[in-house]
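Next up is a structure, given as structure tokens.
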Amino acid sequence: MNASSPCHAASPRTLLLDDDHFHDECGVVGIFAHPEAANLAYLGLYALQHRGQEAAGIVSSDGEKFHNHRGMGRVADVFKADDIVRLLGNRAIGHVRYSTTGGSVLRNTQPLHIKYRHGSLALAHNGNLVNAKELREELEHAGSIFHTDMDTEVILHLVARTEGKDAGERLATALTRTKGAYSLVALTETRLIGVRDPLGFRPLVLGRLDSGGYVLASETCALDLIGAEFVRDIAAGEMVIISEGGIESRFPFAPTQRRMCVFEYIYFARPDSTLDGINVYQARKRIGRELARLFPRDADVVVPVPDSGVAAAMGYAEATGIPFELGLIRNHYVGRTFIQPAQSVRDFGVKVKLNPMPSVLKGKRVVLVDDSIVRGTTSAKIVNLVRDAGAREVHFLVSSPPTTGPCHYGINTPDRSQLIAAQHTEEEVRKLINADSLGYISIEALYQAMGGREAGYCDACFSGDYPIFQDHGMSARQLRLIREA
Amino acid sequence: MNASSPCHAASPRTLLLDDDHFHDECGVVGIFAHPEAANLAYLGLYALQHRGQEAAGIVSSDGEKFHNHRGMGRVADVFKADDIVRLLGNRAIGHVRYSTTGGSVLRNTQPLHIKYRHGSLALAHNGNLVNAKELREELEHAGSIFHTDMDTEVILHLVARTEGKDAGERLATALTRTKGAYSLVALTETRLIGVRDPLGFRPLVLGRLDSGGYVLASETCALDLIGAEFVRDIAAGEMVIISEGGIESRFPFAPTQRRMCVFEYIYFARPDSTLDGINVYQARKRIGRELARLFPRDADVVVPVPDSGVAAAMGYAEATGIPFELGLIRNHYVGRTFIQPAQSVRDFGVKVKLNPMPSVLKGKRVVLVDDSIVRGTTSAKIVNLVRDAGAREVHFLVSSPPTTGPCHYGINTPDRSQLIAAQHTEEEVRKLINADSLGYISIEALYQAMGGREAGYCDACFSGDYPIFQDHGMSARQLRLIREA
Amino acid sequence: MNASSPCHAASPRTLLLDDDHFHDECGVVGIFAHPEAANLAYLGLYALQHRGQEAAGIVSSDGEKFHNHRGMGRVADVFKADDIVRLLGNRAIGHVRYSTTGGSVLRNTQPLHIKYRHGSLALAHNGNLVNAKELREELEHAGSIFHTDMDTEVILHLVARTEGKDAGERLATALTRTKGAYSLVALTETRLIGVRDPLGFRPLVLGRLDSGGYVLASETCALDLIGAEFVRDIAAGEMVIISEGGIESRFPFAPTQRRMCVFEYIYFARPDSTLDGINVYQARKRIGRELARLFPRDADVVVPVPDSGVAAAMGYAEATGIPFELGLIRNHYVGRTFIQPAQSVRDFGVKVKLNPMPSVLKGKRVVLVDDSIVRGTTSAKIVNLVRDAGAREVHFLVSSPPTTGPCHYGINTPDRSQLIAAQHTEEEVRKLINADSLGYISIEALYQAMGGREAGYCDACFSGDYPIFQDHGMSARQLRLIREA
Amino acid sequence: MNASSPCHAASPRTLLLDDDHFHDECGVVGIFAHPEAANLAYLGLYALQHRGQEAAGIVSSDGEKFHNHRGMGRVADVFKADDIVRLLGNRAIGHVRYSTTGGSVLRNTQPLHIKYRHGSLALAHNGNLVNAKELREELEHAGSIFHTDMDTEVILHLVARTEGKDAGERLATALTRTKGAYSLVALTETRLIGVRDPLGFRPLVLGRLDSGGYVLASETCALDLIGAEFVRDIAAGEMVIISEGGIESRFPFAPTQRRMCVFEYIYFARPDSTLDGINVYQARKRIGRELARLFPRDADVVVPVPDSGVAAAMGYAEATGIPFELGLIRNHYVGRTFIQPAQSVRDFGVKVKLNPMPSVLKGKRVVLVDDSIVRGTTSAKIVNLVRDAGAREVHFLVSSPPTTGPCHYGINTPDRSQLIAAQHTEEEVRKLINADSLGYISIEALYQAMGGREAGYCDACFSGDYPIFQDHGMSARQLRLIREA
């Protein structure tokens, strides 16, 4: 045998595992009046880890001093027991962030904490402002300086330049200037404040601790972990101000129709969370049943792309009677990066996470269920894995409508030019991913599964109907026409 | 509100998450004749991470020099791209280890690498020797010195004191002196050697790389990740010697009945692995069907304890027609440790990993399926979680027989005094875990699911029938009588 | 023997080695037009490490993007080769900082880097503003928000709110609002700017690189290391603006008498630096000769407290003819912290750094020369070490006048209540430090050694003559009366 | 200006600062009967840091269990307070190591700790065995396996194969088999043992703690730091056995003439140490006076190469009356490595450590005093620095004789081919280092300064008179003839 010498081997590279999904950019948590506030905030972030794995931070307050600890990486890596100990005080807010760009750096980590004429203010923000750039220019023109690239800093500057009888009023007035999505938690010397933007794009829930303290969090799963009782969802357009005197609710913005992000249910949120009254797991199962209604297939097995496709696949299997099988096994130890061999193993990036099961797939007609197709590259690899494992037919069903546009409200999405459904017909997509058939749920069926569209959802990435647009001189409809031209 | 001052808060502690399972102590991998041997070994260890998360190591060889890198933690934490680059050579062996005791330290990390009169030898070992202590005393008496506490070092000393025409013969002769379980990979200047003990307790498989090189690994899932083709299982009692001249197979030990660990199928191995011809996922589904035969229940939902109970629960659901539901959602970001609040959240250790779903469980008669009950503490907490979420009845089915004895063959098990099934009747266990009914699969039904007991399995932890015992002056039967007295 | 059991041993603590000196708070460096700007900035910081060991940072610019890396610790620990690589661009500024308080944190690390209406601006600042607090209040009142606790951020806000034809003019106008000490370097997209406050408290020098680029640095020793040619000192009140068009010099402030910190020569600066035309080592030797003139002693040996007392001791020995001997040996490997035994070794904090030499000291009349006595505690320990080593007499000479007041211009000093010379007569100090005689250089003799007081020095910490005072409604003399009352 | 673009800049490299000296390879310490044994061992290693900066380790014992912590780097980096806490027990031994090769790795770090038939044994070794290779082969032939590349492991194997009434006797018998240099400390369950080889190449001293416990250390400076009283030097060929019963002294080897390494006094040891009755600082000053006697020069200043040349330069200055000046300032913050610019600064490696002083050197006739010339490259750079700073003449005096051969007894030396004095005449060396004159102290004058050669010194690296040679079939004289041919 002619063994290669080691010097022929190219250097291994670290592969950033891109799972080809849209990604939530943030999760937030706030704790008020608990002696272990920072520790509960840490646990809350742990439960919200799926909303952002790139960076995490907590700011606590003992009523006078604010303390903060932030870092790049997952919650378990950013915080050590010593760090928690140093986060003194009985109130705290925390934040997890997903990478929006490769140039992610420590200084763009939240919560932000500033001092201004009314004292200290810390803020953690889930969402995205569409008029951040122009507000920033206006603020800079008026003499503001920016330490970060984050929208959150715009909000802080607006607050600092606003009059008002209390921090809540100042924050509300500042937010009135902004356009976009925000579910945010803020901490002053005496108050924990939670706000959800008037359209309520991102979720925010309120819980109560046994001790009498309160919790704000992006999802109910954070309440569950710390043993907090769910009180209610913060409403679209609501501000809650929690102080030692109790909870005050305000609605400082002009009323409008709620537009909760429907993709939170399809993919972003944890299945065990219940948002605005709808349990995520049950919603996904109903979507699977709708898929069964739309796309009955002569198949031998229903196989989910784990883990996000599991519930919909179960719904499909229940509705059709076709056996539900785990034909793709997920490696639970996979992190965000991986050292890759120089001589690339075929379909490596997918194989690291998923291993096909010949004993399930061989000779079978397979219905594969996934939550979305973004660029299509991963879907194609998965179909190949399933075919290589012996599947006779592969029918690909998707529990979201075709994603044809980016999100401007806090979700990390690729350019329209990279969205396979924006560039290709369904038949072309089917061929590109090498499936025997392809079915996307329709927007109508999706709302059927959600209990009707009356509740008010944002589906802009499917429909192009953007509730707020960056160039707001034009109507959304006008913009849509322009964009689609 | 009377907010607590921060100085009242006790310090948070880091909690080692104990999931109350038996644990495999090791996984091994070997690569021969590939220019990126260390990188493939790293990937192999990644796929075998479930067999040991405490420490990992790789030794590579360029034919002259041996290079090693070892560390505490998971594979992704122990190895950085730079470390892989320094592991020169086109052959390598690797090892992952599970903690056997709290006092785990770096020097007990494998592979071990020594120099002796015949050159260099590196060894990675999955298993446990029952006569290690007496061999060690004998070797020390003859002047050997020990740097570690590991059985593996005993094997190396035996090799160094053995004559033989080649490394394979010396290793075989040395192993003849040992009693116990070992699936091991060894590296010399010119050869990669794999050996499985005569009873074949632990698995070991052989694969071939596109490049013409070879792979040895504990499970087939490691072959899948690196794109190696499965060739065959190494047989119980077989030694394979891989050199530039090809593969040589030897059977240096006295032939005996195979006794493969049946628990590898029930819990240890990854579901996508196929060991000695039996796919693990399919075996688990068949076990679930046997549970359905033994314990039909009037129930509304079948809920697995994820992830190890999923396949058996699916088998049960298929056989009974009761809907399969995810009533417990697992947090995928949980590591081995966690910072815990001082004022403990109720059932915290379980909650960190599992969140019950009221929308699935409320008012339901639930069949819970788990792979085993070890101490019973975790099972009790899980039943409580399910009841707190509103379940009307909880029927607990277990896909292994009652575990009444420890393992001496490479599995990390608690003392007999801590095994709930060794200390209590089934009815007592049912009460202790607060289930409405409890059913363990019988040994007979287990073998039914495995395709018959003729293949030869070790079930000592259920049956007390220890194939090799530490005090080998007595028969296993005698010892059993003594122990049970 | 009754050996103590390990559980009796108290836990070791990490000791922050306090050498009982005043400490410079910062050093700065700037590089313009060199392809390895960040690397040269790193080297410059290395040479200036004695001006601040607590934190370090560099901001570089490629003309468009700014890049930064900052961290806690020494330069060698904060920067790895990879970090330097990422600091792209052919210009850079850097900063080292000394801890001003125990609560030192990452976010107070410089250089600061902001975006404002005129683009990007990075700033590194050596010095202290006496009206920072009131400026900050004023700025906050006008809507500014503060991310840090540093004076430097005040300057940045002032710049952002200032009109001007270029960055230099804006910076000058902003600085006109401030009172205090600053030697600073700033970086814009196109320019490197250096400014020294009108009184010129802190040094700042200009050098030229072979490549044609320029260097600004706190001391000439930084030029020496990177092979830059010394061009000249930046004058008190001067601003230099370095662009691709060359160097422009401006004097934007009202002219006033220079007041360079005389302690830079006595202790802070490196002996190999030459500041405003005076070499530090030679100045210290001349101070030693003045000590000989003032305090001739019948002694056998002159022993410096290393390293800061060495040059003055040499000057004293030369002038008196008494042999110069190393009677205290310094441990060169001492860092800023140390793990201390629980059962404290006597005079441990001093012993870690200095070991007395009985072969030099035994039976001798010793003249000990040190640069200053601050709290007196360390001086007392050193005299004890010398006596314990057998010295017959210990005469303590100090190359600075008694330090009776704190510094407000960028030096880290203890409270007046902790300054032994502010609380005690010279005779009391002599007794407290257990010396046979004590001599401080007089202010007059000090200026004699400096070549006359005409050059203009700040000696406020000795004389109470503060050139700028925090409450500037009163004259310095009025304030002095009040303070001394 | 034509600024280079960043992509033209080559990558910076980390430079290992080689100061072109021979280097001691190790320092050892042992503590017996003190409740903070590990902490005192840590402090002892700190004081001995100059004997090895590459790695450090401590093994402690509580009488039953042994605990160890080892790592790469300096003592302050290897040990954190937590590590010290875990090193339980009232006795401990420690070791610092200098890199012998670039391939330094963790597993070659001491102390070694083994288990063998008589229990546990830990060993830390300063020195080098000349017959290690053949002993190793013999041991391997007898079945020993080696985990490290260190001589120390040979000693441990010999002990394990030796009979004897106690650990001391076994260790003595084992050492009788070895040839070479060793000053070692060993720890058993009940005893701390110190041994110095029959020729006593390396120092070893005994001290007593206030608590009644004992200390062994390579140099007295370690006793000073921990407040231990110096008792006496361990004699060449002596073994001390310290137990709870007290100290026992044995002389187990055949008596021979002491041959203490004379270079310990010239360079290796700390100036504040006193070894075998001679204080290092005073010895160096006397060597300087001998240099003055041999090489009187018409010069203006005597300048040491700091820090090792300081004492000899002071002796020279005292004897000649020529003023002693610090003409080269040392950077105290330099570590072992440095990030170097790609476009190398001229003489960078020297400049990082030394900065010449034009104010001292300009126009002067300079006597430079250094302790040795090894390869000559650094000496040449230093002479250049001094000339570039304006020196008119540079006379280079060396406080050691020409180093013409390597050391086999524990000092890290380059090959003979790299020793400038072995390859060139003195006049050639003078030209190569660009000095106006060159003077090495003679061996005779060296012994004059040491108080006479009768005490017995090893000067093999100067004289070629190797007390023990690797090929011991020939006499040292025969070997010398062969080598010099």
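Miscellaneous remarks
Letters are used for the chains, namely A, B, C and D, taken in the order the chains are written, and counting of residues starts over at 1 for each.
Just so it is clear, contacts are C-beta pairs under 8 Å (C-beta built on N, C-alpha and C of every residue); 3 or more make two chains touch, one makes a residue touch a chain.
A quick note: this is a predicted structure, and the numbers were derived from the prediction, not measured.
Shared contacts of subunit C and subunit D, meaning chains that touch the two of them, come down to nothing at all.
To find the repeat of C-D among B-D, A-C or A-B, check which pair has over half of the same contact pairs by residue number; it is A-B.
With centres defined by CA atoms alone, the chain at the far end from subunit B is C. The distance from the centre of subunit A to the centre of subunit D, with each centre set as the mean of the Cα atoms, comes to 60 Å. With centres defined as mean CA coordinates, subunit D is found 49 Å away from subunit B. The set of subunit D residues touching two or more other chains is empty. Pairwise chain contacts present here: A-B, A-C, B-D, C-D [touch as defined]. Interface residues of subunit D, counted against subunit C in their complex, comprise 1, 3-6, 8-9, 11-14, 33-36, 39-40, 42-43, 46-47, 49-50, 53, 62, 74-76, 79-81, 84-85, 88-90, 211-213, 221, 224-227, 244-246, 270-272, 274, 279, 281-282, 307, 310-311, 314, 318, 323-326, 329, 331-335, 337-343, 345-346, 351-352, 355-357, 359-360.
If you check the complex, the residues on subunit B that touch subunit D are 68, 107, 112-117, 137, 140-147, 156-157, 159-161.
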